[in-house]
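Order of writing sets the labels: A, B, C and D. Residues in every chain begin at 1.
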Amino acid sequence: MKVALAYSGGLDTTVAIRWLQEKYGAEVYTVTVDVGQEEDFKEIEEKAYKSGAVKHYHIDARQKFAEEYVARAIKANALYEGEYPLSSALSRPLIAEEVAKIALREGCDAVAHGCTGKGNDQLRFDATFAATAPDLKILAPVREWNMNREDEIEYALKNGLPINPRKSRFSIDENLWGRSIEAAELEDPWTEPPNEAFKLVKPLEETPNTPEELVIGFTGGIPTSLNGENSTMLEIIGKLNKIGGQHGYGVIDHIEDRVIGLKSREVYEAPAALILIKTHMDLEKMILGRRHLSFKQQIDKTWAEMIYSGLWADPLRKALDAFIDESQKNVTGEVRIKLYKGTMRITGRRAEKAAYAKEIITYSRESLFDQKAGEGFSKLWSLETRLTTLSEK
Amino acid sequence: MKVALAYSGGLDTTVAIRWLQEKYGAEVYTVTVDVGQEEDFKEIEEKAYKSGAVKHYHIDARQKFAEEYVARAIKANALYEGEYPLSSALSRPLIAEEVAKIALREGCDAVAHGCTGKGNDQLRFDATFAATAPDLKILAPVREWNMNREDEIEYALKNGLPINPRKSRFSIDENLWGRSIEAAELEDPWTEPPNEAFKLVKPLEETPNTPEELVIGFTGGIPTSLNGENSTMLEIIGKLNKIGGQHGYGVIDHIEDRVIGLKSREVYEAPAALILIKTHMDLEKMILGRRHLSFKQQIDKTWAEMIYSGLWADPLRKALDAFIDESQKNVTGEVRIKLYKGTMRITGRRAEKAAYAKEIITYSRESLFDQKAGEGFSKLWSLETRLTTLSEK
Amino acid sequence: MKVALAYSGGLDTTVAIRWLQEKYGAEVYTVTVDVGQEEDFKEIEEKAYKSGAVKHYHIDARQKFAEEYVARAIKANALYEGEYPLSSALSRPLIAEEVAKIALREGCDAVAHGCTGKGNDQLRFDATFAATAPDLKILAPVREWNMNREDEIEYALKNGLPINPRKSRFSIDENLWGRSIEAAELEDPWTEPPNEAFKLVKPLEETPNTPEELVIGFTGGIPTSLNGENSTMLEIIGKLNKIGGQHGYGVIDHIEDRVIGLKSREVYEAPAALILIKTHMDLEKMILGRRHLSFKQQIDKTWAEMIYSGLWADPLRKALDAFIDESQKNVTGEVRIKLYKGTMRITGRRAEKAAYAKEIITYSRESLFDQKAGEGFSKLWSLETRLTTLSEK
Amino acid sequence: MKVALAYSGGLDTTVAIRWLQEKYGAEVYTVTVDVGQEEDFKEIEEKAYKSGAVKHYHIDARQKFAEEYVARAIKANALYEGEYPLSSALSRPLIAEEVAKIALREGCDAVAHGCTGKGNDQLRFDATFAATAPDLKILAPVREWNMNREDEIEYALKNGLPINPRKSRFSIDENLWGRSIEAAELEDPWTEPPNEAFKLVKPLEETPNTPEELVIGFTGGIPTSLNGENSTMLEIIGKLNKIGGQHGYGVIDHIEDRVIGLKSREVYEAPAALILIKTHMDLEKMILGRRHLSFKQQIDKTWAEMIYSGLWADPLRKALDAFIDESQKNVTGEVRIKLYKGTMRITGRRAEKAAYAKEIITYSRESLFDQKAGEGFSKLWSLETRLTTLSEK
């Protein structure tokens, strides 16, 4: 049996290599996908081979991730439950797809992932695997085994697997769109996350004493410039993570609802994601009408819920994206922000094709607006309220 | 003809007193409703009489406003277009109702307001007037007259009306739930609001160098304590406006869609409103399930859109509130926040009847969760995705 | 071990009695709940004992079903995917609750149902069991066993269980709110359901040649009279099933999406359910405003989706019902229909507290409506359309 | 002044020609657009000239209407308030656009329509006029004049205008997508519409005694064949109106909410529209997944509400259509119906790319479904219900 395994280099997937060999006598092909996590990929490769992989693949998918996944998330203002920018969630279908492609190329019989049975990642891998390579079996050693972290460490030690002493007591997942921090004392929702939980965002007391102003440019809903200079999304995200984090901006701490019905306290740092989504939302308001904005909120919410719950591959997601792409055609312009000690304030925005019409809105004499229209409008606007409340009497 | 006029003491309504006399030969009853604006109400009374009012009423509605209007807004997490806590919008139906009650008591033929024909306030007054006193005529001098600010000043000077040199070049509306700032250079959405626009929120560079921690307690979705001490909503709001503002927190700056189809750049300061809504949202996540939270977002959004567009009196609003009241039964608990130089971070939350279940979610050995359920769940969760994508091939 | 089993008398649950004994050495308490199915309950009791039950319970829940479940469905216009009136779905939480109550009374260790693992009923039983008797184990023999109908018959014959030669080749579920027909040739969605599939609805060619007119009266959203005569819901439903069916009305045939992601061709007959829901929808339009009706559609849709997917016990359902109850306060009036050869036409409706205002709407001279308000309304109604389309140019 | 007027040949617009001359000294260009109404267009032209038009245009837009407007309505399952297939509403933006194009070509200063100020049509004309020819003035004589039908007749008689004795006491609007019937005794919602109100749909007692079976084929969501024979949409609609009407199918009678807040009793006959929308809805269920169908309901509802309320030209409508177009890619297949004495029953459907999977759903031995997945799914599906209800205790 030949198996392609999504390999992160961490405990779960390292243990999985050996387990797949033991249980299925499998030849394991490990696939590591670079979506912007800071890792020693050489070391990961070595660990894979030491643990028994027959072949290791390293795939640099950073640009693809930015342009085909993150760009869609920005246009959809994607914040699950109003908070989480989907950093891990967005990367899973891409990773799964890359693994499935290797599996097909190598003639594997199965694809595998290291997700547990109580999280969301299993949904994301399983759905994309099934949609991309429907004829391959899906294996999920950790879930099948029903193991927890402590059991895994025991197994690794017993089998001489190359696991590192953990860098931190937290459970971390990271890519260019954000970093998630779970477990240890964070499992108590009343406990404040300690400074050492964070890597991108500086403690507020160590941030600069001078505010920093930035201008972010969008074209068709996608970030294309920073401070007037055209850049790739990859560069813009990299810079905003750095600058935002330096100023202490980008921490998220909330109670999150997993698809399987459990609540979990989640802490994230995502300076670039928050800056880009919030400036994008602001810019949209210059261009789209009231009804359009209101309806798009439902599209956006559904988009975020779908990605969160692993349904990237579903035809509904594509239909949502068709709506979004059409709505973004004119979302071109600039937004100016000010960063200072954890605060991000939007201080100005401008757009070529703005529906904002200063000459009508103005309070001064040049206003083109005939107020008498207001009378008729107001009368009929609440006519049904009058008729229904009257009829109650 | 006898007319009851909602009187703020400002230019629009002062001019309106005279105009109602001139045009309709009306006896004007002025009604000023205290919803927490900082004003010299003695001076307002004097202005009313100087401008020709036959009788002036002053009504202290602060507690009613907090307990019957603001409380509903908190339970509904009410932020119009994701940003505006509805400070002015919420107060209008209450003011209109008080004016209509006076009108009925004094045997008036009409009620009147000083709103223009291009804003939202006309909708709020007209709808509530019509629902509360359906037999009275509604007069709206400024709208009927089609005047702008400059015309009004001319008229006031010509008629010797007691108008003040404006305290600020901005157009301000204020109550205990927030303060809105419009006009002048803010009409250019690219211009940053200057420090002098703000009254409640301190410039960031003048804020304390030490963070301040607060614990806000809720009972049934309504704030009932601060730092462990039980308080009225009025007290809590007052304190949070003060403390939040001191730490530079509470500024909102966005492009807002008026009901009539115009976009307008709106700047608000609302420290208490933002703190209470955001902590309430956070607490809800400890208690309500995923589907409940997701659906309530639509209820909340519709609630905010209704209040914004003047439909407080509509039976639909009452049905939304019936949903909300039922959903808030168990929203009891505490949220801890940290304020510092414009930043508000939620750092912890706890609730008696939390659905958060640490003993199941935990990564360590005591977890009660059987991961095998995850396999079946994941398989069926995306079964339709598999069948629909397969059928496409 | 003592187990309370929801017992229908059919193949699945008869086999389950024996299986629970065999596998768990269980004492089985069978519980049959009468929700309006036409059955020989004496015979069912005998079958239970013959199959090994230690005690059999028969519970007449017809009135409770009508007044606490069906009444809610009518107020919610509940049609899953626009078609299915939830007849089986609505009964499951009631049956499960009754079984759980017996289980608690008898001191059982577990509750059990005979649902398969590919349908929706398992979700409905499992959720209600868990919410009503959270400490009891849930057993589901058919699902656990992974058996199909043919396997079960074999097992029954081998074990001498009292199974009837099936009355029909179809799989039937029935109660006062409707009858569902599945399986056999209906599994091919292109095949027309044959006449023998139906019991309540007559073949069109055998229906009377004269139309029949009925007047249905509602009070607060609930049916309370038929042709001017006050009746209980139970009576009204009974009569409408009879009269509607006689006239060939009440067949539903559609492709239905099960929660688990499978599509299934479902055929129902539900004359009373369709008549009551459609007349109720019609009456609501006389009373509720446009925005209210539009929003309630989403409430209703979500209500139907929740009940279909087994979430009756969820707090969200109760919050939806709080909205609905508030919205139904004034839904009182009468609707007249005409039944003829499969057709049901609504021909008139009237309501005490109607928002319908003939004196305003009329085209003739007495109209009270000032058309000039229309001009202002129309201008501002599409102002944002103008500004957004203009800005595109 | 030169004005292009949308001219139907009816009372409102005939009176408008003269009024525009009288009041504005206008040269009036009349434009009649054929969208499938049965009229003597020669006679209409003569009436236009007799009433004073300087030039008359007749435009055959039937194909455009079917392919660019009706086709979108079918894909969107467009039924306003669940009932009205938007026949008149859909035609208005097309008519307005044609009039605006003539106006631009003839160098007119204004466009004009004959709509009243209490209906929806004014919104539809005004919005499309403004979006298509933003620089032209919009005139609406009937609305401006605030006249009712009786006043108009008086004016016509006094001015010797060529008005016909009305063919019927009802107010009729007609095109290929349906026929609306208003006014006279129908204004009492309790009165049954008399037989003479209808033209397309035969009285039930006069319909054939033999059912008729039809098979409708769709390609990408659009009807493309009838009984296996490829046809244009125009032909299919024509045939279905005829056959459906002959069998007494296609009557709609409901209370409708106009945008301006008035309720109105509306009667329609629309055999083709109802047949095509209902068969299209049925076919979609063979192809789209559960989540997709559920979400599309909201898209469809919003689409219908937008078209009803005159917002065809809005960018939001285009974004909704982008969603719909993407969702319809695979909606290809056939639906079989049976028509008989007012009843339309769907009796079968089939599709090439169906997600319906008989081999999994079947109850018999060949089923591929592993029921054990159901257990895990069911457990986690309602886990949040369990945790939230438990926490309440």
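Everything below uses one rule, namely that contacts are C-beta pairs under 8 Å (C-beta built on N, C-alpha and C of every residue); 3 or more make two chains touch, one makes a residue touch a chain.
Remember, it's a predicted structure, so these values are computed and weren't measured experimentally.
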State the pair with the higher C-beta contact count; candidates are A-B and B-C.
A-B
Just give me the whole-number Å value for how far the CA centre of chain B lies from that of chain C.
42
Indicate the whole-number Å distance between the mean C-alpha point of chain A and the mean C-alpha point of chain B.
32
At least two partner chains per residue is the criterion; list those residues in chain D.
257, 260-263, 288-292, 298, 311, 314-315, 354-355, 357, 372-375, 377, 379-382, 384-388, 392
Touch graph across the chains, line, ring, star, complete or other?
complete
Chain C partner, complex, touching residues on chain A are 287-292, 330, 353-355, 357, 372-377, 379-381, 384-385, 387-388, 391-392
Could you please specify the touching residues of chain B with respect to chain A in the complex?
81-82, 116-118, 122-123, 126-127, 130-131, 134, 140, 142-146, 148-151, 171, 182-183, 187-193, 204, 211, 248, 251, 253-265, 281-282, 285-286, 289-290, 293-294, 297-298, 301, 305, 309-311, 313-315, 336, 338, 340-343, 345-350, 354-358, 360-365, 367, 369-375, 377-379, 381-382, 384-386, 388-390, 392
What residues on chain B touch chain C, complex-wise?
257, 260-263, 288-289, 291-292, 295-296, 298-299, 302, 306, 311, 314-316, 318-327, 380-387
